[in-house]
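Lettered A, B, C, D and E in written order, each chain numbered from 1.
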Amino acid sequence: MARFLKNKSVALGNIPGDPVFIGDKKMEKTEIHIIEYDKNEIKEYDLEAKDITTLTLNKNKNTWININGLHDIEMLRSLADVFHIHMLTQEDIVNTGQRSKIEEYDNYLYFVMKMLQIDKNNLLVQSEQLSLILGENFLITFQERTGDVFTSVRNRLRKQKGRVRKMDTDYLAYSLLDCIIDRYMVIIEHFGEDIENIENAIQDNPDKSILNKIYDYKREMNYLRKTIRPVKECVSGFSRLDSDIINEKTLPFTKDLLDSVTQSLEIIDAYRDMLSDHLNIYSTNINNRLNEIMKILTIFSAIFIPLTFIAGIYGTNFDFLPELHFKYAYPIFWAILLLIAGLMLRFFKRKNWF
Amino acid sequence: MARFLKNKSVALGNIPGDPVFIGDKKMEKTEIHIIEYDKNEIKEYDLEAKDITTLTLNKNKNTWININGLHDIEMLRSLADVFHIHMLTQEDIVNTGQRSKIEEYDNYLYFVMKMLQIDKNNLLVQSEQLSLILGENFLITFQERTGDVFTSVRNRLRKQKGRVRKMDTDYLAYSLLDCIIDRYMVIIEHFGEDIENIENAIQDNPDKSILNKIYDYKREMNYLRKTIRPVKECVSGFSRLDSDIINEKTLPFTKDLLDSVTQSLEIIDAYRDMLSDHLNIYSTNINNRLNEIMKILTIFSAIFIPLTFIAGIYGTNFDFLPELHFKYAYPIFWAILLLIAGLMLRFFKRKNWF
Amino acid sequence: MARFLKNKSVALGNIPGDPVFIGDKKMEKTEIHIIEYDKNEIKEYDLEAKDITTLTLNKNKNTWININGLHDIEMLRSLADVFHIHMLTQEDIVNTGQRSKIEEYDNYLYFVMKMLQIDKNNLLVQSEQLSLILGENFLITFQERTGDVFTSVRNRLRKQKGRVRKMDTDYLAYSLLDCIIDRYMVIIEHFGEDIENIENAIQDNPDKSILNKIYDYKREMNYLRKTIRPVKECVSGFSRLDSDIINEKTLPFTKDLLDSVTQSLEIIDAYRDMLSDHLNIYSTNINNRLNEIMKILTIFSAIFIPLTFIAGIYGTNFDFLPELHFKYAYPIFWAILLLIAGLMLRFFKRKNWF
Amino acid sequence: MARFLKNKSVALGNIPGDPVFIGDKKMEKTEIHIIEYDKNEIKEYDLEAKDITTLTLNKNKNTWININGLHDIEMLRSLADVFHIHMLTQEDIVNTGQRSKIEEYDNYLYFVMKMLQIDKNNLLVQSEQLSLILGENFLITFQERTGDVFTSVRNRLRKQKGRVRKMDTDYLAYSLLDCIIDRYMVIIEHFGEDIENIENAIQDNPDKSILNKIYDYKREMNYLRKTIRPVKECVSGFSRLDSDIINEKTLPFTKDLLDSVTQSLEIIDAYRDMLSDHLNIYSTNINNRLNEIMKILTIFSAIFIPLTFIAGIYGTNFDFLPELHFKYAYPIFWAILLLIAGLMLRFFKRKNWF
Amino acid sequence: MARFLKNKSVALGNIPGDPVFIGDKKMEKTEIHIIEYDKNEIKEYDLEAKDITTLTLNKNKNTWININGLHDIEMLRSLADVFHIHMLTQEDIVNTGQRSKIEEYDNYLYFVMKMLQIDKNNLLVQSEQLSLILGENFLITFQERTGDVFTSVRNRLRKQKGRVRKMDTDYLAYSLLDCIIDRYMVIIEHFGEDIENIENAIQDNPDKSILNKIYDYKREMNYLRKTIRPVKECVSGFSRLDSDIINEKTLPFTKDLLDSVTQSLEIIDAYRDMLSDHLNIYSTNINNRLNEIMKILTIFSAIFIPLTFIAGIYGTNFDFLPELHFKYAYPIFWAILLLIAGLMLRFFKRKNWF
């Protein structure tokens, strides 16, 4: 199945702004987890999807609503009513083939991000869509399925580590984005080590498996680039936003995010160049080897084919073939053979073939 | 016939702004279909080309005039008089070789778009030109021939699904563009699956048909890119327009369009890169195979050519050839042959040839 | 002789702004043709070069002065005095190696354009320089030699077709540029058909003449791109001009010009990509063929070389060679030969070589 | 280990803004060296890490605090308290995988730079991170380990050479950046000489070691480009800063820096192009050689294989083989052999094979 | 020695703004030539380096001070004192490895330009640095050695040709830059003719010397591009300057300069593309030839190897080999040989191998 663009044909003919779940249903039941916190207190609880309408925000606290599983359109609609979420946002949340982007609406910011993880068996990077809705004192996150990406942030919230409890939901959103982008780096680093090491393998033993590896890495760098490039636009938009929702103190942190994404893309490009170089070198090496093979063949052929011919001459059965009857014919014959072989070897030696 | 640029020589010497039909006449008779609608009512009827001058707009309703078939210049001129359409617009409507673009005139916006469809037999993408003239409360669309692309929008209009009935003709125009761009995605996805799967075929069995496939896909990606790139400019212009004709509520939808086109182009570029990688890998694989073929040839030649030479020696008919008369000459001869063969095999083994 | 950059060495050491004819003298005698027109009347007459100083403009009419042949520096100087033409403009008019450009002077606009035509014998595109000086109510055009490019415009002027008679010299200038750029399209289309058709030839019968064709087309696309890219800048400047000389009504027409040039360049780029793909496919095809050739050679060699060796063995003249004297030696010998041949064939069959 | 992106996985899950040392600990003990200077006086002393809190700035003098070794987080925190350093800056100082950048904070400018040095044994460029914090009258520099890069600046300070003593810490910062960027140039020059000389080696004796060299240089150019490109952004930001900390007199010097970095990048790109050309030429040379090898093989084979066949014919033992009994059969046989050989040689001569 | 970047290691550790001569000393003694001129008068004289301090400007006249030879730092310092030249300018004048640039100082404009000349023996382009300091009524030029580049300008000054005597030093500076850039064109044209002609050579006789030529031209185009690209920035800056030193009447001339440099760069890029195409075609041609060589080898081998085998069969000495004793065995044997040969030829004919 196409990984670079998926499920677009399913969406054909949908009404724009009508939320229809497009993607693989990765969970049976939608999970809703809510964290309400301020500097002093933190409260966590789960909510049933059907009870979503009962949700009320405490205006003096920050509320993080995390929703795992995107197939429950009814729940999404109820939630959208509560938080005044635009229908295009609703559509994008459940249509998991979106590009990363940031959109500003009257009462909230909407982020689409891609979470990446690597399947180490077949070296395939897989992406999942994360949607964030960031309002004045709330943050709603939508994941395709339950994962452990945000565990570290949750722990910091619970244990009051870092400044996440002291600041508002905009900083919380930043923290989540930071988690995701750090993962990009780790994935790139994972490939990077292999990519930089391929060089030795090419020079030592350029077999076919290396060719497949180079190809696989090129494809994944291609995929990473395609996925992360829109993230840069999105983060860059975030860092340049002039919105009441973003506290001025959070801005330097968003610039830090931008640095990370930029560095990711630069390194992906450097690795792409490196892989192209790998492929060129591999290919030239193959040609070098062909030359060596052909030299060996040619040396053998050029020496022994004339010799065989001469032996063939004296294997003929002509009645009248005087040389056959000379006394020293046979030693002379050998001498001529050796002379020819010697001359040929000298010829190839002069050509620097061995 | 050239598909990338067509019928330009026909247009040579035409008067600028003089509408002359340039293209393949795909319909016998021009069809005019009119839908008049507002929130409460919808009225549909057909009109003969000759009756076009009788057309009057109801200023309190939205009117969508859909025209299939572009060869009837007379009808176009009459229509242009009714709606005050600039002569350059008239020329562009019937000259089907235009780039996609958006142009702002005093009383209307003019869009040229390309509708794409894929001929699955020979993997060729074909394009048709769609012109839209969007006025205050009317929308005129010109298609080269009757098709079913807009059926879903028509159904939504009739069945009051979505918000299309509640909003004005600018939203209707958006809906049509959305239909067209969704089709792009579906076409790209169709190719994408094949393109991503070629990889396995290259590694398993790189025969010539794959080479042709790679080439065909490259050509079509090239064609798609050439066709869709101007669409991006056009949609981008649409989303940045500051025109009375565009309702502010429609703007987020145009940004959504822009996202889709941008994503299309990014994926086309990713596939182009992937196809170039495919071709490189294919080509390197071919070279790898050549090396293997040559290794086999060289091993056989290098082993048997010397042996044949030695056999040739003892096939000579020299009167005086002492070895022939030794008692154990023949077994020794075999021993020497086997020794030579063994040494050669060891030589190639050491070179890691097998 | 260099076609991409010519006659620069001739110009070395010239005084800047000093008009010196640089180019091939393509006409014996300079021809001056004058058309004076307004909505109601049109008057045409020829002028001798020496009478240029007698020229007076009718301020209520539009005057188009067309000059064929650039070598008459005296005439140019006289004309320049009459129309207050800057010395740099004078230099550029007669130095035919200019890039296309637009320059705004106090009392006129100066255009340098390249007219292209294709020499169908050797597939070479040739360029000629056209200079336009556009003033309030006059237009002076300078061509290297008499041609028929502007015949259609002249006819429209004479026959009052289109709007050219109703509008001023700025629209006339636009009409001439439109003629020239339409020609670009026709040339590109001429190449385009061939380029798109090469594909089949590559797959059917990739001989050397195709390689030369690919190369020729690449060179010409290169040439077209180099020539037309500055035209885009020039036309883009034209459409963004804020000059009294340009009537507001002419502006939509200049945007139309820009569309055409942009499309030309996009298609040239698409063809460039396509030709690079052609070359890659051709080259990979050649390698594919080499593989097939080598497979045939290897199969033949690997089968017959061992057989010949075995035949050689029993051609030796050893006194004591027991197999020779067995009764069924010869049939067994054949059986062994066939067995070996069969095994070899199976070996290559398994390798999928045939 | 990956050199292009390192230690990112270690940083995973860190709290943003929390300084955690990420890198190789290159020194046992942190060294702090302080230089206090003005036009008239200069005072130098070392400080223990634990005494950092005792540090007081003399507001009338310039103070340069140089810190070698980044692992002492406690010391960094104390210093940060004294100089009001933002927590993100703290994090960046000790996380040695940063891109080069410049950041403006309320009371200081923060630079991250990369110092490069070349390991001449294995041609690897290694980078170390340098952080500069530039305040009103102080400059703090953080290096990964003690080095001699800044010795020349220190000497100028001590000996009052140049204008460094007469100007403020912004000029000092410039001087240090200038040192670093000069080193880039020297490294590029070191590679450049080799790269430009490879050309002769390719033409004379294109063996495999050259291929590896080309590859190594490509990789290092890739690395240099990736490392220096952000430096350009950083220096460009420096030269466009509108900050009280930067004296107007220092600005021309920053433009000079920008020139140097731009030149570095241009030359790296020129060398990258050159190396790609090298590789292409090398590869085409290899193919040229293959052609020569195959010509030799083919000439030998095509001459001797038919001859051997003819000899084989007359080696057959048919009872009735009339030619064998002709008197002049043997000389005629030789004549035929020589004729065939001569014809073959002429055939290859005509093909220009030798 | 590296030509693309030179002598940077020598400059390491220099004090910024401290003029140290870096380059090859190309003259023994510094020459100073002064031309003082206005519309009516011109005065020329030489000055000893040591008398530089005696120089006084006549404020009502224009003064052009031309200095050949850059190693005399003392003289430079004295001159700098007289004309208030910034220390960074001083450093750049004598450090001959600068990029071309324009810098605006309070009382003068500073240009660094590269003069190119071609060494026709080894096709190497060499560059020399020219510095211009353009003040209100003076122009100082610094060349590495005496040359004849400016002779034509000097003659125009002396003979009152063109407008150089009527205008001020800004026009003089323009005239010198124009000389230099015209030379670029001539050099490009020199290469261009060869580059465009290589095509025929590739198709006729693609030997190794052509490969070296392609490579040499690529390298020089690379060098020209690297050298001229900064010149474009510099000239572009010149044409956009808003400085009292530049007379408004000179501005159209600077735009003309910009046109020339832009054209140079476009043509260099076109030639770069063409050379890459040359290389591709050359390489594909080589492969084509290899195919032909291998076809010949394979045809010979495939025909004669089986024949030789059959001859070998009947050369065996089996006691019981019935065919040998048939009466018509030998003619039948020949018939079989010819049949096999015929079948093989037909096989290769069908494959279109000849």
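What we mean here is this: a residue touches a chain if its C-beta (ideal position, glycine included) is under 8 Å from a C-beta of that chain, and two chains touch if they have at least 3 such contacts.
Only a predicted model underlies this, so the values are computations on that prediction, with no experimental measurement involved.
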Shared chain contacts [chain A and chain E, defined touch]: D
Shared interface numbering between chain C and chain B [over half = same, under half = different]: different
Chain centre separation in whole Å, for chain D relative to chain A (CA means): 25
Computed distance of Cα centres, chain D from chain C, in Å: 41
Touching two or more other chains - residues of chain B: 283, 287, 290, 294, 297, 301, 305, 308, 312, 315-317, 321
Chain-level touch network, classified as line, ring, star, complete or other: ring
Chain ring listed from chain A, with chain B in second place: A, B, C, E, D
Partner chain C, residues of chain B touching it in the complex: 1-9, 11-13, 15-18, 86, 88, 98-99, 101, 103, 105, 205, 208, 211-212, 214-215, 218-219, 222-223, 225-226, 229-230, 279, 282-283, 286-287, 289-290, 293-294, 296-297, 300-301, 304-305, 307-308, 311-312, 314-317, 321, 324-325, 327-330, 333
Chain A residues within the chain D interface of the complex: 152, 156, 161-164, 174-175, 178-179, 182-183, 185-186, 188-190, 192-193, 196, 199, 203, 252-253, 255-256, 259, 262-263, 266-267, 269-271, 273-274, 277, 280-281, 283-285, 287-288, 290-291, 294-295, 297-298, 301-302, 305-306, 308-309, 312-313, 315-322, 352
